[in-house]
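These are the structures, in structure tokens.
In the two assemblies presented below, subunit A is common to both, partnered first by subunit B and then by subunit C.
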Partner chain A sequence: MALVRVISSDGAAFLVSQRLAKRSGKLKTEIETFRKSSDNSEAQPEIRIVTIRAEILRLVLQWLQQHQNDPVLPANQNEQDGRGDAEMGQSQWDRDFLAPMDLGIVMELILAANHLEVKGLLDITCKLVESKITGRTVDEIRTAFKLKSDFKGNEEEQTRLENRWCVEN
Partner chain B sequence: MKYFALPSSSKEPSNDCSQLASKIDDLQKQLDEQSREIFDLRWELSNLKYSLNPEENGGIQNALLNDVVLRNLVFFLSKKDLRNCRLVCRKWNNAILPRFRKEFSFHFKQQYGWLLIYLLIYAVLLMPRVLIGSSKQ
Partner chain C sequence: MAHRNQSIDESFETINLVSPKTIPMLLPENWEEILNKLSPHDFHTAINTCPQWRQLMMPKRTTLLFPLILPILEEYLPLASILQLRGVTKLIKVETEPLLKHYPGIRPPVEKLQHFEKLAPLFRKYNSDSMRDPALYLGEFISHMMTSRPIPSTDPFITGSMSISLAGRNEAETVRRIEMFQTLFSIYGSHLKRIDVKEFVVGGRIMDSIISLLSCFPNIQWINIFGGVYMEEEIVRMNNLPFLFKLEGLHLLTVFEQELSEFDFSMQLITKYGQQLKSLCVNKLLKSRNLGPSLLSSLAPNVIAFEMRSMDPVALETLARVSWQLEELQLGSSSSDARSPDYINGFLDAINHFENSLKKFRFTCSNKRRFSGDWDVGKMIPLRKLETLTFHFTNFELEWVDHFLRISCQRLKQLYLIRNNELTRGHVNSLRDLFQILPKLKKIVVLYGNPQKQRVIYPPVV
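Entry: the complex of A and B
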């Protein structure tokens, strides 16, 4: 079985099968680039992910392992469909996987899923964030996610006015 | 095991049902409040944990200011939440706007749409007369 070494930002190495690694768009590209540049076809690719630490990389690989037989969806599937796909694909395992995580880890997982182009994981983590947004007021959302309003002048008031004048199609 | 038995001699069963429904609503509200409190406590805990390691602290905020992440997140938001989320910050507003424009239209269209059509018809009918009048002069 062909293997690939994936190294995290803090130097931890994970040995995974190439079949599994190729489920990530980024890792697939890296493996293909390595194959083209390497003379030895038997050489084991080594991929360094400088933006993801070991704990998060382990979680991504764990998720990929669990979903290794799922169909791979294109990264822009949601934009094509105009809706999120997480509802369709979220299993009990996914819910148990995300349940013990605090929001800090979820945020890192979102960035990792985005960086490694793992659409399924990005979808379920986004769905989790959405569940924390639903039903909250603007101030509550800002407080919960530590976001600051950067509207200039009367931009915020204008947006409020637009909201008031809009109706659902 | 407990069973809820409806009294057979009850004269107003609909009243009992509405009482039960309001009780369920109250319990659901309590549950929602409690789960929100748990979420807030967890969030506080994660903030404290991350404040011990400030290098990793950036990840919490940055994920929700990342364009690709935001663009993906937008598809999961309900129409009701789209309005609120537009007001969070400029970045969120920019990310939400394309979907917002698809899902919403200005009230003006619905209320005054017919008036606009009448005005257009009137203008089209009036145009030849104006043109004829100006050519005669």
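Entry: the complex of A and C
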């Protein structure tokens, strides 16, 4: 089995099959670039991902491993709306996978899935964050995301007034 | 650097990291002070640097990563949620502004129109007290919005963009409407960066109206003028066109009863603003023999994006000799029969003229018979920078299209097809074959009239 070493920003190396790695658009491109530039066809590619730390990279690879036999999402998108259907694609395993994560980790996973071009993982993580924003008030969003208002003086009131005709019922 | 291989299932805690040897030498509160001032991008880099920094930055993670994921989240969030986020923190507000620019125009949803009074504070903010009768204007303003085409509802004070229609049901209403807009824009026109003026049918007043409206937009960057003008008299001289120092885009898709009037109208605007334009869109302007490539190049020397909705051999000849370094080109064929060799050669000459600069090309031709003549494959040359190609084209399966893709589009990254009818399985398979032919192609997007049906085809995974 052909393998590839994927190295996180903090130096942890993960040895995974190339078949699995190629389910990430970014890793697929990197492997192909390595193949073209390498004289030795048997050489093992080594890919360093400088924007993703080990804990997050492990989660991405874990998700890919779980979904390795799924149809590749982009080529099998929902024919009705043409977009990746995160609701349809979210299994009980996905829900259990995301359940223990705090929002900081989920955000790092979104950035990682986006960087590594893993559409299915991007869909379910974005849907999770979206569910914590849509239909919520400003205060509820601040609570959910542990955000502190940094508006000064009447800036907040000003913004609220600007939003008023589109947002409030 | 030596790395220890990890199995994916191995718990993170047991990983022996070989990470940078940075040790925080300052007190945690000093580090917090420093790290708090990082931009979201620098923050993301810093949390990937070492566990000690990550530990220090943990409490700030959601605050500072949120702006970074916003552009990714955009396609998952409804507009109302994006507007809501503006009020959460300053940083998020700043990051939402570019997202809101994707929603040009204005049309409050019908259910919101029941609450006119909600608009009153917004208008007061922009000094609407000076208006003769704010309630009346407000009512007219909103009823006008109801006639606009259905587009996402946004607030022009936020997006800096607005779409207006000058045409009333009769002349009296048109005059009243123009007065209303003049009053409104004299108050808050400085907030607009883009304006779409459409559906005007009045006669001589139109020039005065446009001049007086334009002077209300000192910060305007983009003007689109659509619609028809039906008038018997000649176009008056627009001597008083105001200076619009920030204007970069001028789209003139006006249809006049007489082509000469259209030429005169467009030329007056291009003569005034041409030197500062980067983007220009015209309907039939280049068909006129009065406008050769030299004159066009001197009037508007800095254009990098050009669109021509209605091309013919004369227009294509002008385009093939103009001294522009076009990066974006859109060509449309609406009425002429494009099967003659002159037409086809002119089309290729025009595109080839921008072989070293063209990055995006869009071609619209909805009639099956057109562009189906004999194409000289020998005239097709590689377009060295072309990365995005959009075909709004019924018979995409034509032989010349295949040659054009193979010869001229070797560096293509994205192909967009706009279609009225569904793709068959055979079509999809032949499109997938393009990934073998075009080495840099990353995706093919098929767009239908109904955006919900959009379909993306990616290269097959090995």
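Basically, the second predicted complex is superposed on the first by the 127 of 169 C-alpha atoms of A that agree within 3 Å, B and C clash if a C-alpha of one lies under 4 Å from a C-alpha of the other, contacts with A are read in each partner's own complex, and residues count from 1 in each chain.
In this text, a residue touches a chain if its C-beta (ideal position, glycine included) is under 8 Å from a C-beta of that chain, and two chains touch if they have at least 3 such contacts.
Being a predicted model, the structure only gives us computed values, none of them experimental.
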| item | value |
| --- | --- |
| Partner chain in contact with A:E130 - subunit B first, subunit C second, else both or neither | both |
| Residues of subunit A touched, compared between subunit B and subunit C (which is higher) | C |
| Contacts of A:L122 with subunit B and subunit C, given as first, second, both or neither | both |
| Contacts of A:I52 with subunit B and subunit C, given as first, second, both or neither | second |
| Touched partner set for A:K26, first subunit B, second subunit C, both or neither | neither |
| Partner chain in contact with A:A13 - subunit B first, subunit C second, else both or neither | second |
| Contacts of A:S149 with subunit B and subunit C, given as first, second, both or neither | both |
| Intersection of the subunit A residues that touch subunit B with those that touch subunit C | 53, 79, 81-83, 103-104, 107-108, 110-111, 114, 122, 126-127, 129-130, 133-138, 141-142, 145-151, 155-156, 159-160, 163, 165-168 |
| Residues of subunit A defined as touching subunit C within the complex | 5, 7, 9-16, 22-23, 28, 50-55, 58, 61-62, 65, 72, 74-75, 77, 79-83, 103-104, 107-108, 110-111, 114, 122, 126-127, 129-130, 133-138, 141-142, 145-151, 155-156, 159-168 |
| Complex contact set, residues of subunit C against subunit A | 1, 3-10, 12, 15, 17-20, 44-45, 47-51, 54, 58-59, 61-63, 65-66, 68-69, 72-73, 75-81, 83-93, 108, 112, 115, 118-119, 121-122, 125, 153-155, 157-158, 443, 446, 452-458, 460-462 |
| For the subunit A and subunit B complex, residues of the former touching the latter | 53, 78-79, 81-84, 86, 102-105, 107-108, 110-111, 114, 122-123, 126-127, 129-130, 132-138, 141-142, 144-151, 155-156, 159-160, 163, 165-169 |
| Footprint of subunit A on subunit B - complex, ascending | 32, 39-40, 42-43, 45-47, 49-50, 56, 59-66, 68-69, 71-73, 75-79, 81, 83-93, 99-100, 102-108, 110 |
